[in-house]
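Each chain carries a letter (A, B and C) given by its place in the written order, and its residues are counted from 1.
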Amino acid sequence: MADELIFQPAARLAAQLTAGKISSVRLLQAFLSRTMAVDGRVKAFNSHDETGALVQARAADERRAAGRARGPLDGLPVGLKDVIAVEGQPLTCSSKMLANFISPYDATVSVKLKAAGAILWGRMNMDEFAMGSSTENSAFGPTANPWDLSRVPGGSSGGAAAAVAAGELPFALGSDTGGSIRQPAAFCGIVGLKPTYGLVSRYGLAAFASSLDQIGTLTRTVEDAALLLGAIAGHDPQDSTSFRTEIPDYRAELKKRRGTWRLGVPREYFGAGLDPEIGAAVKSAIEFYRQSGCEIKEVSLPLAAEYAVAVYYLIATAEASSNLARYDGVRFGHRSTKAKDTVDLYCQSRAEGFGEEVKRRIILGTHVLSSGYYDAYYMRAQKVRTLIRNEFVCVFRDCDALLSPTTPTAAFRLGEKSADPLAMYLNDIYTISVNLAGLPGVSIPCGFTGTGLPIGLQLIGQPFQEADLLAIAHRYEQGHDWHTKHPALS
Amino acid sequence: MKYEAAIGLEVHVQLRTASKMFTRVAAGYGAAPNTLTDPVVLALPGALPVMNKEALDKIIKAGLMLGCAIEPVCKWDRKNYFYPDSPKNYQISQYDQPICLGGTVEIELPGASRNVMGEHKKIPLTRIHLEEDVGKLNHGTGDSLVDYNRAGTPLMEIVSEPALHSADEAFAFLTSLRTTLVQGGISDCDMEKGQLRCDANISIRPVGETMLGTKVELKNLNSISFVRDGIALEIRRQSAVLEGGGFIGQETRQYDGEAGTSTAMRSKEMAHDYRYFPDPDLMPVKVDAAWQAQIRATVPELPFDRQRRFFEEYQLPYTITSVLVSDRELSDFFEETAKLSGKPQAAGNWITNDLLRELDGAKITLTDCKLRPSHLAGLLQLVEAGVISSTIAREVFAAMFLTGEAAEAIVARQDLKQSTDAGELEKWVAEAIAANPKAVAEFKAGKEQAINAVKGTVMKASKGKANPKLVDEIMRKQLGASPRPVN
Amino acid sequence: MSTKSDLNLEYVANLARLALTGAEREKFSRQLGDILHYVEKLKQVNVTGVEPMAHASPVCNIWAADTARPGLPVAAALRNAPAQRDHMIVVPKVVE
């Protein structure tokens, strides 16, 4: 009975709320009890405010009873990766540095979700400060993949992805700097959308790499992604990198946009390093599109394929080294009790407050910006970034979207790559260039490995053409039932 | 050996805006600690900067006033360094693409005396860029307390070429810069409030040498006289070191204006490596011709240009012009009075003497003053037409200053018109001659000035209303003397 | 695979204000050496005449009008402060 609710797409739950078939309180209780039952094993939540959530659910029910419902999201619980600020709630970034931090303000997406009536319920585990691809780099311990608890859920939005996959939440917001929404979505068998850079406000998203970060959605279906994106997209005067563009009704557009799309397949994304099972699943997805009347073109992205990871690790770490300088134990966050002067206060507080991966990236980023190295590393990376962007601009002259695997392998084992950062970084090889070029990308389920692990298909769209991208993804989803499968978690 | 100094100034000026540089919380001085903050000021996780258009307008205006080239594109960079007054531990600044390049500050050196204009020079500027201010540290005995109210205030950094050669030139530079910026409405430049702060890079070299010597950075020159005294001290210190056979090492020194000493600052843990890179949170700024033209239309005449015009257009003496042009409102007041009255020289005298004295006595500013140019012009016209004497004019002026009434109204109400009634004047003169036999005798004996005592009695009896010219005529007639000699 | 790189770990850690343990120094030296070796491949790309890309979308003049609005109440501003006195943040004495 509970299963009927907890694994339903959010859009269907919304319809049931609207029709008065269920109440928001009842719905929340279903997710609460599922979370109680499974989160001891999945460990997707850093924290959640049950009391506050019930108050919000009751308020939503009252609004609906009074005929003042705020729209489809009113009364639906949503999880937020613990990197998005909500006034009065913890904002830990899964770091000891912010273990006790309570945000005194709301992120713009939080303001928008509140206005839509959504219940901002759980704070989802992640790699510390969004740095990682496995959610193992968390001060609160790793999250497990609901399909196989010995494996990682991906990262850095691993808690959000795992919770949706495990039926603990209908949907969640994550952030994606190099694949941090799409890769965990692929590993957990759900839909992960990273919008075009600038479509969703970053105000209130604790920054990792400002020129790459983007908030996006983790949902059960493409329609849910359209629903949630519609609630959070739009220009924000508080984010100077936010873009002024018309926000269509993405959900309505899913049904309207039925083109015979021209879909590009980057040749280099199917080479060495790609697990054959993944390659086969993605190729059969491509075949589906061909048979449904789309034009499939082989395209080439040689620079993106070869250099994106290197460019990313220079630019992202450089920006991070500066963005994370504010965590110094002075105004907020962890403060070492050992310090005797301010320099010491910084050095000790940061040594105690940051985990290993964060330190590693701060060191790398500081090095590549330092005197004598800037031109060789940072400046050169920015120039190659231009070339990678140009490469996409070029292939998009005659493609509406690109198709590729989301990841080279399915979910790996906990601890498998944690000793080798470079191997971990290479896991993001297909997703990273999308962030470098500022494009929208979505990962949707496209099958399972022989051992029952989900496989993700990545679709890359043109800037601010999320309506097309989602419509293309939706066509595949309509023809398959991968998204109706759930982990047993027995 | 004779030494010559090369001084470059780095001046930080807070712009006069309602809100901060990159967020819209109020900017201001004197508020209770940490009441002017928000997520951006405190660098809370997730906060993002949005630039203040007014600050851009103001720096462009400053650049245009100082003859800088306004760059078509400028961008924002992060200057990374850790310090407790810097919330993000980076400062948003402009590194390799500042908004203003070049330009000059015209200075006037001290003249031979206060009444003589000194030499003018144009000191070249390197650049002007925009950045944000840091918070304030209050040092206690065992710890320091941080107040972030000041953090994020728009700050303009003006960098001069090392083209100043003495403490007097540096003083003149800062004085002129301050006057210009205040008159442009760009900053209030109150050094006591930290709105204008100055650091100096000072090196000396033997006269005739072209290579610059090793420069010493002198900080904390936080009043305009400290700038002069601190630099003079540093030049003496460096000269003494070189005279003694020592050498000057590159260092930063802190000036203590109260004690008149400077001390080397604790050397930093490492060489500065600020790791500048373009701020990904902020977009570049493009300044097109239309924007420049719009700002140019608001640029006022520069003080020294105005002074030169006052010499030519109104034939005013140096001392009066220098008082007038140091204050834009005062200059405007003068020009309006001159226009309304047609008496620029009298207007200049009244304004720089009487008006300033009254303002000072009443401790009010010109803005709050009830006496307006039309009042003063009216007064000057009454004096010119002989309706009132200059003695009475002073009384009328004081009354106008207090009440804001027109001169004519005061004169009419208080019956202050000069008396030209011949019968009345004849009577006052006759009485005065009778009362001053000694003076009359002296006058008759040929002592011309003795007549003044008699006139004084007339003026007293008439309460100043007797027309002095008529009194003189009648008196000479009554004494049987010839008309007043022309001198 | 450990590669010699010109990473001066001590210098950089000091710039980044991070105290590292001996074990971390050893580990990071090796791992960052590998990563720096990996990124060397960017030298193969001809970037002559290429503009560096600092932003995903090239727009400019994104600003706000200078209208002050209320900020955070002091209590909210200092709510997460590790140490405060007289509504100010306490830090060890700063020597200039």
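Here is the rule we use: contacts are C-beta pairs under 8 Å (C-beta built on N, C-alpha and C of every residue); 3 or more make two chains touch, one makes a residue touch a chain.
Worth saying up front: this structure is predicted, and the values here are computed from it rather than measured.
So which one's got more C-beta contacts, B-C or A-C?
A-C
Give me the ID of the chain with the smallest distance between its Cα centroid and the all-protein Cα centroid.
Given all protein C-alpha atoms shown, the central chain works out to be C.
Determine the centre-to-centre distance between subunit A and subunit B, using the mean Cα coordinates as centres, and give it in whole Å.
Chain centres of subunit A and subunit B, defined by C-alpha means, are spaced 58 Å apart.
For subunit B and subunit C, let me know how many angstrom lie between their CA-based centres, rounded off.
42
What is the distance, in whole Å, between the centres of subunit A and subunit C, each centre taken as the mean of its C-alpha atoms?
Once rounded, the distance between the two centres reads 23 Å.
Indicate the residues of subunit A shared as contacts by at least two other chains.
101, 104-105, 211, 237, 240-241, 321, 325, 328, 330-332, 342-343, 346, 366, 370
Two or more other chains in contact with one residue: find those residues in subunit B.
38-39, 42, 50-51, 80, 82, 84, 89, 146, 148, 269, 273, 275, 280, 282-283
Counting only residues that touch at least 2 other chains, which ones in subunit C make the list?
11, 14-15, 17, 54-55, 59, 62-64, 72, 77, 89, 91-95
Of all residues in subunit C, which touch subunit B in the complex?
Residues 11, 14-15, 17, 54-55, 59-72, 74, 77-78, 85-96.
Write out the stretch or stretches of subunit A touching subunit C in their complex.
Residues 100-102, 104-105, 197-198, 211-212, 237, 240-241, 243, 303, 306-307, 309-311, 313-314, 321, 325, 328-335, 339-348, 350-351, 354, 356, 359-360, 362-364, 366-367, 370, 377, 379-387, 389, 421-422, 425, 437-438, 463.
Can you name the residues of subunit C that touch subunit A in the complex?
By the definition above, subunit C touches subunit A via 7, 9, 11-21, 24, 28, 31-32, 34-36, 38-39, 41-43, 45, 47, 50-57, 59, 62-64, 72, 76-77, 79-83, 89, 91-95.
Of all residues in subunit B, which touch subunit C in the complex?
Against subunit C, the touching part of subunit B is residues 17-19, 24-27, 32-39, 41-42, 50-56, 73, 75, 80, 82, 84, 89, 137-148, 254, 265-266, 269-270, 273, 275, 278, 280, 282-286.
Under the stated contact criterion, what part of subunit B meets subunit A in this complex?
38-39, 42-51, 78, 80, 82-84, 87-90, 146, 148, 269, 273, 275-277, 280-283
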